[in-house]
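Which chain is which? They are A, B, C and D, in the order written, and residues in each are numbered from 1.
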Amino acid sequence: MATSVTRRAAMRASLVAVAAPAVLRHARGEAPIKIGMPLALTGPAAEIGEQMRHGAEFWAKTVNAKGGLLGRPIELHVEDTTGDPATCVRKAQLVVERDGCHLLFGMVLSSEALAVVPKLAEWNAIFVSSDNGDGRLTGSSFVPNFFRANISGPMETRVISLWLRRGEMKNFYAIGMDYAWGHNSIDVFKDEVAKAKKNFVGAVFSPIGTKDFSTYITKIRQAGADACFIVMQGADNNAFLSQAREYRLADKVQLVTSIVDLNSIHAVGDAALGLAGSTRYVFTIDNLANKAFVEAWRKEYGTEPDVFEGEQWQACQILQAGIEKAQSTDTDKLRAALETAAVDSIKGKAAIRACDHQAVQGGYMVKVVKKEGFKTPIPEIIAAYPGDEITPACRQMTFES
Amino acid sequence: MNFSRGLAAAACVLALAPAALPPYAMTLLTEALILGLFAMSLDLMVGYTRLLSFGHAAAYGLGAYTCGNLLLHTGMPLLFAVPLAALFSGIVAIGVAWVCTLASGVSFSMLTLAFAQLFYAVAFKWTTVTGASDGLAGIPRSPGPFGIAIFAGKAGFYYLVLACLLGSLLFCRMLVHSPFGEVLRGIRENEAKTLSLGYNTRRYKIAVVAIAFALGGLAGALYAPFAGFANTELLFWLFSGQVLIMVIVGGAGTLVGPIIGAAFFMLVSNLLSSWTDSWALFFGLIFIGFVLFAPQGIWGLLSGTGRAEGRERVRWRFLKSTS
Amino acid sequence: MALLEIDELTRRFGGIIAVDRVSMRVEAGEVRAVIGPNGAGKSTLFNLITGVVKASDGSVRFDGTMLSGMSPYSICQHGISRTFQITALFPEMTARENARLAAQARHVRRWQPYGGSTVFGDAARRGDAALERLGLTHVAHRPAGLLSHGDQRLLEVAMALAQQPRLLLLDEPTQGLSVEETAQAVDTLATLLADRAMTVLLVEHDMEVVFRLAHMITVLHRGAVIADGEPDAVRADAEVQRAYLGGLA
Amino acid sequence: MDFAAFLVTQCLNALSQAALLFFLGVGLTLIFGIMRIVNFAHGAFFMLGAYVGYSSVAIAGNFWAALVLSPLLVGGFGIAFELGVLRLLYRRDHSAFLMVTFGLTLIMGEAIRLIWGVNALEVRAPPALSGIVFILDEPFPLYRLFLAAAGIVVAVAIWQFLERTRLGLLIRATSQNAEMVHALGTDVRLVRSAVFGIGCGLAGIGGVLAAPLVTASLAMAPTAVIDTFVIVIIGGMGSFLGSALGALLVAFVQVFGTYYFPDLALALMYLVMVMVLVIRPGGLLGKEA
């Protein structure tokens, strides 16, 4: 589509601006704050990688234009991981050892993050995640140098279950991609359904890269559920939604997805209409900080910021808060500061808690609708939940009640 | 033969590398050597026996998962876990090869692919052993025996990898120049004739697949503690395709060539992808360029021999004259 | 007892009977030619004896051992070596290496995965001797794929000889050779077979070659034996003449 | 839904998937039959088909235009590649083809990323085909029926083309004995170019047809190429009927296997391949490999 071209051109421009020595020199010649960002920029996960890069670059540009952070310019070291954990570990090690980055963003896939996290201590590096949903990163796989600024998989599932509790629907089915995120989320969902005293009638997992979902759709139809919980992303998600519309699945079953993003809506068009789901960030969130952010983003890129662009921006805000509080980027000092970092950001209040380094933040439930002034459908917020309701107890992946 | 002199020189240079190179370069070099070992193991099949395997990632993955599990759950020292994993990979290969060698040519390639993909599927589902899609993380470089911990460090581990590579190279050279290797050469050039001369070619093929898997498993077993993790991607067919390309780019049937090919593949893709997002474009052009302008591979370019090309020419003329 | 005993050997491909209840005896020291018009089943017969093609029925005994069901390599290990109608060599290896690899197959340590100077040494001696007997010493260092067609045919015979077989199967050794090349090759073969030390089964189209080399002749027609005997007797056989003339007409 | 409805709809699903696989497989097998090369870039041509289809729809505003334009452009690109690169390599080892087509895959993937971006793109089925029909009271997408029908029509068309036309005859003859065809005064090189173009064009059609189901995305190529290899191998390399049979077998096993054994979904196709190759090393209808 036409917007992707302008967006691309704009992104190139921002890259130049970030990297331009002129900008760096403005910042009083102080040593730059180097942030390594291993991202999937090619391969199937590239959509998310691109978004994360945009979010971080936009932040770096904004900060550098104001004279930097602690008077030091932000320098991003972006590397392509192709979405492969082995390459990701190599690239992460590269930015740490070669470029001297002790701050990390990025790692698009959970498998990449899980491979990198055990090495953080050795590298003396802090990793602030903006999209890793795997509950174990703040649970069984927790390490002190990992911080999660984004909503986790269990949290987005919790948002959905809280919303469903209010409704009339009784029977639930679930379909997820056959990997950690899918299994995690569906486990949590099952647990939530049981607590709400409703029926979980079954689940099915599709291998990553599935192209034909007709069999899975048949299974969903046969299950006789009122609603189907979907845990899918990227190409699989697009294929599933397109084919669900082919079969008019939504006529029979309310589709509820764990993550609604603009990219998939653009990719599947009207097939997304009526889809309900949790979202980690949506540009229609109504607060001042977000309005200003969306405004500035539109000016820069000519589009609305998408989920991972917003999430990355918030992650940057949290890191910024931590650095400002610590007045340093020294790993130990920064870790201590980040443990109590709190921001009033585009999603409202978000605060890291010390016990598992998860950012407690509000969750949003949206429904995809047609709206005046937008060419494609957009997500409209239909419910919001405060952070303490949707965040599990420390290092837990399921909820008490 | 100046091979031994060249090898000694290369070994000396590589042995001195930790003193001269910065840490990140050492990281890259270590991984390049591991991949080099992996590519060399495949060369035994591709270059010496004309067994085009499309599933060699299976060997790497088997080695990596086995070694990872041994290190994570048994507390076995690194020095025991690595060879044990290689051995296991080689033993599994006997079964795989027994089935795959029922076919030949393209069907053989596709059977190897099928097995690798089946292993991939198993790795995805057998959560307790493989950690499913997450893989195994935090794999330690356990010390011992007798508290030997030297291999846990960066330089120490590098020397372990280097020793494994050089040892395997010498082993492979011995193998391909032995009577056994001569039979492999016969299979490469004319399997039906080799069979009719009284060689049980299938048994030779199974043997060479097992050896290649053991050495490929050794590479995988080194990778697990090197990277600290093992993941299903190590078993994916794309990786099998890549290592095949490494062998061909380096120069199949030369042993040293594939090592260089692997290093080239990894270092250049790293360099390019740090430099531009469009690295794949240039990478692809490099491959096509190689085929068109350096058909004998990197090793052929370096050693100045047109051996591979000469061989192709001889074979072509022969086929022309007899068909 | 004959060295090679073939009884009622049959091979069907779908509905076609390629070899039809063939029985034959080859005595030690004998050179026996198998002749017949195109499609008579000569090559299939060779492939049946050497295990390349499995028999539908019947048996092959070599020196008392049942060969039926054995794979080509073990049949060869029992002492039967062959050449192919379409030259089968290792084109990238030198002639010498070709012969050496053939001889190596008879060495007890042919599979040895290390060293090899003893194995190679023994094999090379036998290979070189075979090359010399066929007059190929002068091209021994050249890649087999680059030899002249005539030399390639002879090299295949040399490879078979290097295995010191008890039975040698030659599948049209002069196939595709020019008149001069054929004459030369036949001279070489005649010298080779003169001392009657070797048992040979020979498929050949060229009747002159057959009558020059063979002591005994078996005639196949449409898969079945129609005549069997000494050259002069076969030449005079009415049915043979009909088969050949019929084949031509 | 009752069992009869289930059976019928699942069979139709399998047929529609078989059609998509067939478009990929038949191209690969024709190319292999004539050129003895394994085209590793076949998945990339499939993906290119989808993207060109997207742009054709965007410019011409019509899915049918895409269905015509896409194979032409993709096939044309294939011919250009054959003329520019592959033609230089016919005397070379198989590994040369493997390398150049692998390189081409990388190049095409990146070129598509540069031209169309990383985000998946919507290609809509034409309005006439977006509806549903009721089969034994079960809703079934019209578009899938169309896919199944298109598969059958194209299969018959290719079969007739191979049997009846002069070019078809040449193609069959060339795959039997290229030397002979050459000796009889036909430029075999032209046949090769044509077949490579046709094969790539068919992959292009497959790409356009698949796009409404899976959107045009960069994830299309890698899985497509491997699926295609598998069906062609199962059917027998170089066999036209084999590719049709392979596509049907794989599609049916996938659809029903996934239903009854969802945990095996990832492995099903490969299990079938191992079984077929162990019993018939040359594939179902292939010559002995």
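We take it that contacts are C-beta pairs under 8 Å (C-beta built on N, C-alpha and C of every residue); 3 or more make two chains touch, one makes a residue touch a chain.
Everything numeric here is computed off the predicted structure, so don't read it as measured data.
**Student:** Leaving out chain A but moving nothing else, do the remaining chains stay as one piece, and if not, how do they split?
**Tutor:** Groups left after taking chain A out of consideration (others unmoved): just one piece.
**Student:** Quick one: point me to the chain whose Cα centre is farthest from that of chain A.
**Tutor:** Ranked by distance of C-alpha centres from chain A, the top chain is C.
**Student:** Find the geometric centre of each of chain B and chain D from their Cα atoms only, then give the gap between the two centres in Å, rounded to an integer.
**Tutor:** One centre to the other, that is 32 Å.
**Student:** Could you grab the centroid distance between chain B and chain C? Build each centroid from C-alpha atoms only and quote it in angstrom.
**Tutor:** Averaging C-alpha atoms per chain gives centres 42 Å apart.
**Student:** Using Cα averages as centroids, what's the distance between chain A and chain C in whole Å?
**Tutor:** Those two chain centres are 74 Å apart.
**Student:** With chain centres defined as C-alpha means, what is the inter-centre distance between chain A and chain B in Å?
**Tutor:** Result: the chain centres lie 37 Å from each other.
**Student:** Residues of chain B that touch two or more other chains: which are they?
**Tutor:** If we look for residues of chain B contacting two or more partner chains, we find 124, 279-280.
**Student:** Give me the residue numbers in chain D that touch at least two other chains, ranges are fine.
**Tutor:** 109-110, 113, 222, 266 - these are the residues of chain D that touch more than one other chain.
**Student:** What residues in chain C touch two or more of the other chains?
**Tutor:** Residues: none.
**Student:** Chain pairs in touch?
**Tutor:** Every touching chain pair, ordered by label, is A-B, A-D, B-C, B-D.
**Student:** So in the complex, which bits of chain B are touching chain A?
**Tutor:** These residues of chain B touch chain A: 22-25, 27-28, 31, 124, 132-135, 137-138, 223, 227-229, 231-234, 270, 273-274, 277, 279-280.
**Student:** Could you please specify the touching residues of chain B with respect to chain D in the complex?
**Tutor:** 46, 52, 99, 102-108, 110-111, 113-115, 117-118, 120-122, 124-125, 237-238, 241, 244-245, 248-249, 252, 278-281, 283-288, 290-292, 295, 312, 316, 323
**Student:** Hey, which residues of chain B end up touching chain C in the complex?
**Tutor:** It comes out as residues 174-175, 177-183, 185-186, 189-190, 192-201, 204, 311, 314-315, 317-318, 321-322.
**Student:** Show which residues of chain A lie in contact with chain D when the two form their complex.
**Tutor:** 1, 4-5, 7-8, 41-44, 46-47, 49-50, 178, 204-207, 209-212, 214-216, 218-219, 221-222, 234-235, 238-239, 242-243, 246-248, 263-264, 266-269
**Student:** Per the contact definition, I'd like the list of chain A residues that touch chain B in the complex.
**Tutor:** 41-42, 79-80, 82, 84-86, 89-91, 93-94, 96-98, 110-111, 114-115, 117-119, 134, 136, 141, 178-180, 183, 207-208
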